[in-house]
Amino acid sequence: MKLIIAIIQPEELPQIKEELIKRKIYKFTVTNAKGQGKEIPVQEVYRGLSHEVTLLNKVRLEIALNDDFVNDAIEAITKVAQKDGDKGRGKIFILPIEECIRIRSGERGSEAIG
Amino acid sequence: MKLIIAIIQPEELPQIKEELIKRKIYKFTVTNAKGQGKEIPVQEVYRGLSHEVTLLNKVRLEIALNDDFVNDAIEAITKVAQKDGDKGRGKIFILPIEECIRIRSGERGSEAIG
Amino acid sequence: MKLIIAIIQPEELPQIKEELIKRKIYKFTVTNAKGQGKEIPVQEVYRGLSHEVTLLNKVRLEIALNDDFVNDAIEAITKVAQKDGDKGRGKIFILPIEECIRIRSGERGSEAIG
Amino acid sequence: MDGIAKADSALFTINNVWMLVSTILVFIMHLGFASLEVGLTRAKNTVNILFKNVSILAIGILTYSICGFNLMYPGNFAFGEYFGFGGWGISTPEGSAGLIDYFNGQYTYFTDFIFQAMFAATAATIVSGAVAERIKLSSFLIFSTIYVAFVYPIAGSWKWGEGWLDSKGFYDFAGSTLVHSVGGWAALIGAYILGPRIGKYGNKGIIPIMGHSMPLASIGVFLLWFGWYGFNGGSVLSADPGNISLVFVTTTLGAAAGVLGAMTLSWYLSKKPDLSMVLNGSLAGLVGITAGADVISPMNSVIVGYIAGLLVVASVLFFDRLRIDDPVGAISVHLVCGIWGTLAVGIFSAEHSFITQFIGVFSYAVFCIISSFILFLSIDKLLGLRVSEDEELTGLDLGEHDMEAYSGFQIFTVE
Amino acid sequence: MDGIAKADSALFTINNVWMLVSTILVFIMHLGFASLEVGLTRAKNTVNILFKNVSILAIGILTYSICGFNLMYPGNFAFGEYFGFGGWGISTPEGSAGLIDYFNGQYTYFTDFIFQAMFAATAATIVSGAVAERIKLSSFLIFSTIYVAFVYPIAGSWKWGEGWLDSKGFYDFAGSTLVHSVGGWAALIGAYILGPRIGKYGNKGIIPIMGHSMPLASIGVFLLWFGWYGFNGGSVLSADPGNISLVFVTTTLGAAAGVLGAMTLSWYLSKKPDLSMVLNGSLAGLVGITAGADVISPMNSVIVGYIAGLLVVASVLFFDRLRIDDPVGAISVHLVCGIWGTLAVGIFSAEHSFITQFIGVFSYAVFCIISSFILFLSIDKLLGLRVSEDEELTGLDLGEHDMEAYSGFQIFTVE
Amino acid sequence: MDGIAKADSALFTINNVWMLVSTILVFIMHLGFASLEVGLTRAKNTVNILFKNVSILAIGILTYSICGFNLMYPGNFAFGEYFGFGGWGISTPEGSAGLIDYFNGQYTYFTDFIFQAMFAATAATIVSGAVAERIKLSSFLIFSTIYVAFVYPIAGSWKWGEGWLDSKGFYDFAGSTLVHSVGGWAALIGAYILGPRIGKYGNKGIIPIMGHSMPLASIGVFLLWFGWYGFNGGSVLSADPGNISLVFVTTTLGAAAGVLGAMTLSWYLSKKPDLSMVLNGSLAGLVGITAGADVISPMNSVIVGYIAGLLVVASVLFFDRLRIDDPVGAISVHLVCGIWGTLAVGIFSAEHSFITQFIGVFSYAVFCIISSFILFLSIDKLLGLRVSEDEELTGLDLGEHDMEAYSGFQIFTVE
């Protein structure tokens, strides 16, 4: 079992969601985040002063899956987000999960994840 | 050392907090999240149009613990959240932690976690 | 490759950011969080009633790095946050990352992380 | 037209304009109530509160045009001086002469109706705050429709409709009792019957449930204060310069002193300057001065307001100790300070008797408590008053309306 | 000065004061429009909407002082009774006598100008709501400057400037057609040419894009209702007690009935009490009653308002089915109910003919549709009307203004 | 009563009503100030700012009733024409005759008091914006109590109390200097002594600290503009039709031109349409036209307003370069444009001398700078002016009030 943590652009979420569902990945958790990366900082203007904002709005996607779904998930995310070659398209990190429990039923392991 | 990531229903947080404290688990971190799962989507109405919202409000609980507390934590969470058998009660994921540092003192390892 | 999750005080973020950049750690993701720990609870007053708030505002920093940057990152964070010995300065957790993908290019592994 | 007739017509015109300006000011108080109530409750119940406030305003005006106005100002009483009914609808008086001759040539029939109609919905809105975050929308709408259409105007007829309390010499200039206490009693009964919101009175004592927007609460209070110049100023029922300017002064000083009263007591008690109390303090001062704004001297209006400010703080704490949960402090502001203001007329105005004031307060108490009890309990029996526990936890916005107030914002619905 | 002259001067003074109070009330409607539009759109476009609303108010007033006023009230027509121009700028009439003799001694020249100037910007603001969240700022500013400076006053001159429609007996008391439909037609054409916002009409049907702040939307509606007392009340053009009090009553009942109409139909259709519809309902009632507020009886004003409330709900659904995307419902409120209100005069007022009312509605339709089409298409050719897809997705605040509306708040820009 | 007496009474009544309407309008400016200040600062200091604004209004009114009014309008001066005191409290004039004879039969004594009382708190509120987000609550309250109770009315007596500057022919219609600059100087000194907010002027240059709610800031500006019709319109001190309508026109055009001025310059400088500047622009235009609203022609009011709009943009940038940190731009709006407006009277009105205007500006500068310095420094010595670094970082809401403004919302307190 793996935990995929993907940092994506906020506006890509709806499409990524669709792609995931197409690949039978129905469950995930989303958090609002701010990211600093290599992307071009956004210029903001306020009361006549312009300044660079480097912490930009991101969406953080967390998907726990059984090992054989990992590549599908990566594909779903990269497919959408690669459409232009801009910087700041984000990252995917894959972490090992040791155990997973479905709270409702108490089921454990790879049964519980989906 | 393990990291427990639990996705729960927002309204269950206060009770889960109490159960954790009863089991001497005093420290955790909470983030606001949205989750997509198998639960029945919420119907929303706006300007005469009804639509399904599938990304629902969740709370994401992160608890780092020494191995012998893991079962207690799972128990505390499931006890509260299992009270009715509805879908959408959430998940618990357990990940390995390699190191833990208490920022204030620089302490490391299982000492530092609690 | 490691994932550093650090829970810090919100007001320390700008300085920690500077220290990280000094150590050539340019990329990270930040989320808003609430933390319960050993720190003194904040007293709040509302309509004549005073009550203790134990879930305090925190910032959650996520940094994925190659192994040889880990100590630098820890140093950067602790340097800023240790400046006074108060409780509630936060924690750092280190988790293993199995794979990392740069979405834009599809690059993988330690190449992709920075 | 000769000079005298022309001058009369000019005076009539200005009186009428002032009454209509007052009407507009009372209108905007409904936005004040809505903002205050929204600000002092949780984000998850915002849509519900706004819906209640908009619809009760509309319903209140319509029922007032159907029967309320003619129940409150029946002309002739049918039953002692307790109850009378002038007929359904609002009957356009004949010709513009009829318009002008109305009410001593101060303002037109239509002006009279519309000014009074704006007042009517206020009583229901006061209730809304006290029962917020847990009452079923439909049950609330039924309760307040009946309360506004019947209870408020009948009660009002006793004094403003020249009924028995008016004959007795009871005095209530702009409605400390007739509007604020009448709303306040229903608020008390409603809050009592419904019981507290989940989590308010735990085993660890009283846990305050914080309102989600102090700017909205403050906007509400400023707008209420703003509108109060029409509420009190219009209650002079003419543009008489001496009277309305005195009323402006006492109203303003009462409000300012209320702020100070609440500030001193709450700062002293909780060691911190408590914005939510100071906001209530200004309203307390306003409610307090309302019964006697034209018969209390500026100096004494400061005293009346200051005491109201102290009272509201003490009262909020008191009702919390009784475990009667009033999210916005409506009972303390409108009922407690309404009573105080009415009695204060008996204390600070030589021409009015404390005893008569007390009789008035007491009579309204009896009538409103009984009606509210009957209404709330019947509705509870028939439809249920309170939303389910689940709905209360996720919030009435999703529960009752399938809508969110702040789409896109990250809000912790718990804690 | 003798008694009669003095009394005349008093009447003149009060008329003038009433017109200026109405001016202020119309002014605050601009805040109402801004709040409503902001509340019913997404947080990421807030700065843009506020900027539009502030600047179009300023531009509207300035162009009205340069040419609008004298296009709308040309005195003499140059071309049939279709077009006339009284000269550039506002020419101070000579001496205080000149001031007083102006407009039958009801109010001064300056009062006339400023009251009308506040109306002018309204038309552009109505458009703003329908094209929100996707129109380029500069293109919108150019469109509305021209629309306010030329189209609105020329159209207005046909009736209020005593042009050909006035001669025909067309009636539009305070502007159901002259203001609301004139704005509404441009709103319709603009929304049509621009196309819908990304994501609104997907392959899964219509996906509502929720507004981000129901409190702001409600504040907007209450302020519009509040200001409407000046919009309609001031359109009496004097403080005549009988007339303005009747207008107050019909306006209020129309709005209240509009709330009820929208509430019943939307509750019936979507099984839930829909705040956004109820808010639109009150505006629908107000727009509906505007054309005949002084010639429709209170009883009938309830009917007019109630039907407007039904219409606005049906219309919002209808335009969504046509895939014309109007984020705030401006077309339904201002155009549809503006037409309804104008025709209602022909139905409910014995003195006015339905046919003439229809001719008026039709003429304005032709003129406004053509002008809007030409303007929007030319601007589209020259500068482009719509922001880029990228900008629309990240929001116009960052795209056009490099600024965020809610710095520090966590907001999901998507979903 | 004969025709003439009746007509006089009608005129008196309407004058009085207009002054009271103006009073209400000035009242709501305090909500405008509060909203603007809250909107342009960070969420973590919201409760603090609202508390300051509510309490300073209450305190200002009360001290004005105790001594301010009689310091400002002493009747007879005790010391040259620089200082006089008419006695403690407000003394009800005898009988309704006394009321009517007051001030040339324009309005009552109470009207005079309450209109002026609403002005008084304004000066302190202006300071509030400039010192926001870092001043200790108690120290601010002490400073502004003294400033409002003594400095403002004594300064005011020089001109409006018929003191030495009035004798010299200095002109300040509604208070560009007497209200706005008097507040503005204290704002400047306060901001200077306190020093900038942490993080504003880093080693990487100037880092703007963004306000947290553009809708609130815009609501504030609209309400201020709205209230300004009472501020300027009421300063005519009667309902004279020619004068108040002229004042309405110049005020409106000044504000609109201010928007345009700020829009053009800021768009040019930063390449982006900057909402925060445009909002300040309208206030700049309003402050600029205030000194001469009744003596400057409509055409010239556009020029005065436009220049004020340019000035405010330049001034905001200038003070930032000086590293004087003014979160809401109070110094630029109220001080700089207040001076400009006062001098503009000398330029655009033939009857007034530039030199005298300059002397007036200079005298107020000296008096206010010295008083503010002494006050701020003494308070700093005795109690400390600035909150601790820790408190500033976590925010004054938790630090001073133990309360949050937006309970439940996720807000980044940093960045």
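For reference, chains read A, B, C, D, E and F in written order, and residue numbers begin at 1 within each chain.
The working rule: a contact is a pair of C-beta atoms (placed from the backbone, for glycine too) under 8 Å apart; a residue touches a chain by one contact, two chains touch by 3 or more.
Treat the numbers as computed from the prediction; the structure is a model and nothing was measured.
By residue number, more than half of the contact pairs of A-F reappear in one of the listed pairs C-F, B-E or A-E, namely B-E. For the pairs C-F and A-B, the count of C-beta pairs in contact is higher at A-B. Averaged Cα coordinates give subunit C a centre that lies 51 Å from the centre of subunit E.
Rounded to a whole number, the gap between the C-alpha centres of subunit A and subunit C is 19 angstrom. Contact with two or more other chains is made by residues 2-4, 6-7, 10-11, 14, 17, 21, 210-211, 213, 219, 272, 274, 276, 401-404, 409-413, 415 of subunit D.
Within subunit B, the positions touching two or more other chains are listed as 31-32, 34, 44-46, 50, 55, 95-96. Touching subunit C in their complex are the following residues of subunit A: 2, 5-8, 31-38, 55, 58, 60, 74, 77-78, 81-82, 85-87, 89-96. For subunit F in complex with subunit A, the residues that touch the partner chain are 206-208, 210-211, 266, 269-270, 272, 274, 276-277, 280, 313, 316-317, 320, 329, 410, 412, 415. Of all the residues in subunit B, the ones that touch subunit E in their complex are 32, 34, 44-51, 55. Of all residues in subunit D, only 2-4, 6-7, 9-14, 16-17, 20-21, 23-24, 27-28, 30-31, 34-35, 38, 46-47, 50-51, 53-55, 57-59, 61-62, 65, 89-90, 92, 96, 99-100, 107-111, 113-114, 117, 137, 213, 216, 219, 400-410 touch subunit E in the complex they form.
Subunit F makes touch with subunit E in their complex at residues 2-4, 6-8, 10-11, 14-15, 17-18, 21, 25, 42-43, 210-215, 218-219, 221-223, 225-226, 229, 233, 239-242, 244-246, 248-249, 252-253, 255-260, 263, 272-276, 278-279, 282, 297-299, 302, 409-413, 415.
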